[in-house]
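Have a look at these structures, which come just after this line.
Each of the two complexes below includes chain A, the first together with chain B, the second together with chain C.
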Partner chain A sequence: MTEIVASNPEVREFKSYPPKPRKLTGSSIAILVFLTMCAAFVAIPLYVIIVTSLKDMAQIRFGDIFSLPEVWTLEPWRVAWDEVCSGVTCEGVKIGFFNSIMILIPSLILSIGLSAVTGYALALWNVKWAGTFLFILFTAAFVPFQIIMIPLIIMSGIIKVYGTVWGVAIVHAVLAMPLLTLIFRNYYKDIPSEIMNAAIMDSGSFWKIFGEIILPMSGNIMIVVLILQITSIWNDFLIGLTFGGIGTKPMTVILANSVITSRGEVTYNVDMAAALLTAIPPLLIYFVLGKFFVQGITAGAIKG
Partner chain B sequence: MPCVEFRNIAKQYGRVTVLDELDLTVEDGEFLVLLGPSGCGKTTLLNLLAGLIETTAGTITIDGRDVTEADPKDRGLAMVFQSYALYPTKTVRGNLRFGLSSQKLDKAEVDRRVAWAAKLLQIEPLLDRKPGQLSGGQRQRVAIGRALVKNVGVFLFDEPLSNLDAKLRTEMRLEIKRLHNELHQTIVYVTHDQIEAMTMATRIAVMDGGVIQQIGTPDEIYETPANLFVAQFIGAPAMNMLKGTLKVAGDRVTAQLDEVGAELDLSGHAFASAPENGAPIVAGLRPEHFSVGQTAESEATSFALPVRYTEKTGGDATAFLNTKSDNGLLAVRVDPALVAALESGGDLAVSFPASRINLFDARSGQRM
Partner chain C sequence: MNKHVLAGISTAVLMAATPLSAQSAEIFAYHSWSADSEINALNVLISALEEKGHTWSEIAIPHESESNIGLINLITGGNPPNVFIESSPGLYRDLERMGMAQPVTDYFSENGITDNLPEAVLQSITIDGEIMKVPTALHIDGMIYYNMDVAEAAGVDPASWTSLEDMWADQQKVEDAGYTFMAMGGNTFQAGYLFHALVAAMAGPDIYYRMYGEEPDPTVFDEPALTEVIEMHRRITSQAGDGSINRSWADTTNTVITGEALMHLHGDWMKGQWRAAGKVPGEDFGCINIPGTQALSVTVDSFGILGGVSDEMLQAELDFAGIVVDPEINAAFAAQKGSSPVRSDAPTDAMDQCNTVVLNGLETIGGVQNPFNISDGDWHMSIWNALFEYQSDPSMESSEVIDMLRDEYDAIFG
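After this line comes the complex of A and B, so read on.
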């Protein structure tokens, strides 16, 4: 007779195996040392910035940058946010924070929207000269911004967006397009052609297929691109400096101004606090979306 | 009235010609299966009809309307794909609805059609699930449902069952056949599986190398294959092919088959053209038409050959006999009860009725 019971996992008893001993080999020690050095390279300056921003100037004057604060104070942070001078205005870096948000949102929408649609068209539709276009786009990715900056400023003046939030957003969108388009195109190339064929037979509409089928399948890659763009737009200095008007300078520009324009004694603690305040938003995004970021980068195939 | 008509179709990719001067007519309400090995152009032909690829030359008409240049969505077709091609982020209901998105229908009509298709395919409990939560068979039903809601005259199937396991395949075969019987739509169905073709088709078009080799009912294709390719492609185990030479002496026509060491009496054979003395021929003998042992039938050819091995598949058994040529094998369907008595190396006497012989011209490969 066949023993049916044996194959039932609830009845069957499994042997317990002892865990295998983990060996610490020479190569794993080398890797650990290397990684620790890499981490320290970033972590030690970061530590100095954080502790300095929490000290008062009396302690900073002694010069021991590694010591912990004797008196813990948040005063430098308040001053940096509210009072520090940038040029002639003394309202802290908070103006820059709101300006950066004002720049970030239209720039994100414009750059991601433009690149996603271009990538979708290049990957899934029969576009004439698609290969040539992609090649030119890819070449454009290697042109340094500084080279085309002055013509761009003149052009943005002609279309009357120079010095506005939209001017900055358009420049961000144009400069991000080569890389983002390639990312989107490569992601959409992996969508099974039969899904696309089915959609062409069902609807046939370029925008309807994009909106209803393709966009909902783009969650992973959207998060990758979102993180890339938020970081690069927020951390940008040059575009904000050259294309932003008086009232639309991003946080990085305000920060630089405020550090440069200190009179008399250099208030290191306020500078450090202002720098940290400027760096926080992209960091937060990494912490919140980091998990999806890794998933998005590794997500290859889409299973239907 | 012809429903789908291909006229003088050619398809080239660069300098590679996939299809050339192809003509095919699919009648209204017909279940036509395009059958052939991989790379024979059957899927290309289907995609040309669907409009997913463009023709190099020729015209395609559907219901008398020239659709050669029409958009896929405007051709009045519905298609079921091999990988189901369901939209992964939409529910089953959303998938069915999207199938109707090119037709401007009011909401009530859309809901009515979705409900009708869901009931017909018994997928009502699944309507709010995503494709990822469905089994293979359920996904296939949804894919068929998405085609059904469109309420068009012509359905295209591109190897829809090849991703299913054997049991489900049998079930879905019956299901598709049932739908065709109930709805009477024209179906063009592409497959490389001859069982699917034989069981479902009203007509089969056997393709090879971009050319339609034969078109006919499953029985015609099986019983009277038009050429060597069709004869060998249809049937499992494949038809036995024995080379020989015609001898014409007055009214008496015979062929000497060296591989089995027997002489075939072909006097009763209905030749398509007058037999020519000394012409090389190929005689095709189906494994199941052999009978074991000597028969009293005078028209039968008998011979005995040593058994190499036997294969038993449940209710069927096949004995493979060594022919006299190098490594030649002759498949003979035998009674499974007999298999135990057959031993490797021992002789098996078989006979074959002359009326069942398929005769081909060895030079042209055409039926004689």
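After this line comes the complex of A and C, so read on.
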């Protein structure tokens, strides 16, 4: 428990007390059981994936998926990173790792840049038809990608970006715009009008205000959007599969290429290691930036 | 390491045999292969192609669906591949309408290829009277692969079975010896493949084509033989024990490899799983056709080639087609992939016991085409779903499956 002590209105002090011991009640036991089941729902398959990636195939063939490795080996991890084939290119999922980085950077710049400016304009400038535009944008957020996939392929073919990193990046940016614009717009609309009025009187420039005042106030929301976008772009399969060309397939597609087979032999240990390698980057992002994600979601614009 | 050695050997063989083409070109390929055996086999073709002065670039999208969305996207996006793995006749007809189809009928005829293709292969690659596909790998959709140690321990000889009755007669003996008689997995892919392999084997080509033809004949549902096939499907799938729910064919074959079960009835691509476990055909495992089979259901993995291209590119595409069906190269390809050669005059020295069973079977029994080559996609998938539902629900009667198929037929073709 904390108590705010305000002997002087300018200086506030927080006094801490030890937490009150909690009693186990029926409802708290039920909550614990439910949460344990939720955790097990993810943890058990994860355990199977990890131990399988450390076994050899001779043991895996016997089908006891929960047993610990009889011979612990990191060989599947080495094969997955270095040797696994995607088509005739047998250079491991590391090829996809670098492709994903190449896709991620322009996709982030395009999607966040476009959405931040659009959100800023809609929130703080007197844009004609802003309400209608926002409504259309909001509606677009609910259109499934699969419905517009073929027209997008034709359009990207016409502008000669189909099968390139830029094709993937542009599609990511376009598809992310509705949600990200709404996030930025809602964040910026809380900025007091006094700040904007003073800024307009000072310089009056749309871009100068954005660059020198709005962007420095956007740290929290940028972290939120970065995490959302990095996770979404890194984990994307369908856009990378559809719009990526020769040598530009992201890590998820390389993973699928090495794992999926309808009639070929299966090496589960290598498949599991490749899946874990592909999942590590977004997990790391969450571990490193997770704290800021919560702060960003709960913070208002003027705290930026 | 192994792949490089093989590529080197292929290169050396081909250097002596193949003159360089006048023009070199980059062949852009689309395929769905991913397993080591498939990639090793593909490298045999690529080495030969490079010996002709051409280069290879590719997009590989392995998938387990009937829809070849990746290929359609490439064509729609204005980046169609020069050669592509595709079985559905519908896509070739679409390409024809778009001026992008390229028959190889004349090329095959002029180069003496057509005469050396088994009838089942020829049927699979012909669409509306033209040879549109370059046959690459031949598989049989329903064979029995058995563990020879288990057979010996149980005192049975699957190679001696001449009918399914013979096979079932040995069931008790195998179970008494402590083994599962027949391994069985649990998903639509296996249920569907088992069914059409049984239709070919038990009901014969006439009923098979009435069931799986481009326009199915609804009177086939009244055939008692179809009911017998459905009931045999039940008898086989009821062998599935604990852990079979949603079990893949590869995991199911593993139960035979590890000596838990005697045999597995599935497509002959099971061989890849055996070989990956270091097992040798004829020594560790044996292969037989479905006992008493009336026809073998044949899968022919084939490349289509793109039309409407420049003369130089067309020559490169035809060079590739010639490589794929070259008897020596096709035999080397089959040895790597675990398939059988598509040509009847392919050299036999690299063939194993299973290849011999396949080619002898095609010659003496004959084959029917895999439904992917002939059936309407919706109809084919409906059959898969009906049979998987039948497998999953032990209380379901064969008559209910027939009713379900009738309803699906009416919905699709009615």
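Quick note on the criterion: the second predicted complex is superposed on the first by the 275 of 304 C-alpha atoms of A that agree within 3 Å, B and C clash if a C-alpha of one lies under 4 Å from a C-alpha of the other, contacts with A are read in each partner's own complex, and residues count from 1 in each chain.
In the analysis below, a residue touches a chain if its C-beta (ideal position, glycine included) is under 8 Å from a C-beta of that chain, and two chains touch if they have at least 3 such contacts.
From a predicted model like this one, the values you see are computed outputs, not experimental measurements.
Bringing the complexes onto one copy of chain A puts chain B beside chain C with no clash. In the superposition on chain A, A:202 contacts chain B only, with no contact to chain C.
Greater residue coverage of chain A by touch, when chain B is weighed against chain C, goes to C. By the touch criterion defined above, A:194 lies against chain B but remains apart from chain C after alignment on the C-alpha atoms of chain A. In the superposition on chain A, A:291 makes contact with neither chain B nor chain C. Figure note: vertex chain A, arms to chain B and chain C, all at CA centres after fitting on chain A; angle 150 degrees, rounded to a multiple of 10.
Once the two complexes are laid over each other on the shared chain, residue contacts for A:212 go to chain B alone; chain C is not touched. After the two structures are overlaid on chain A, the closest C-alpha atoms of chain B and chain C sit 47 Å apart. Chain A uses no single residue to touch chain B in one structure and chain C in the other.
Residue ranges of chain C in contact with chain A, taken from their complex: 3, 28, 31-39, 42-43, 46, 56-64, 70, 73, 76-79, 139, 189, 243, 248, 250-251, 254-255, 257-258, 267, 269, 272-273, 275-277.
Here chain A touches chain B in the complex through residues 192, 194-195, 197-205, 208, 212-213, 216-217, 302-304, going by the rule given at the top. For chain B in complex with chain A, the touching residues are 50-52, 71-74, 77-79, 81-90, 98-102, 131-132, 146. Per the touch definition, chain A reaches chain C in the complex via residues 57-58, 61-63, 85-88, 90, 149-150, 153-154, 156-157, 162-163, 241-242, 245-246, 249, 253, 256-267.
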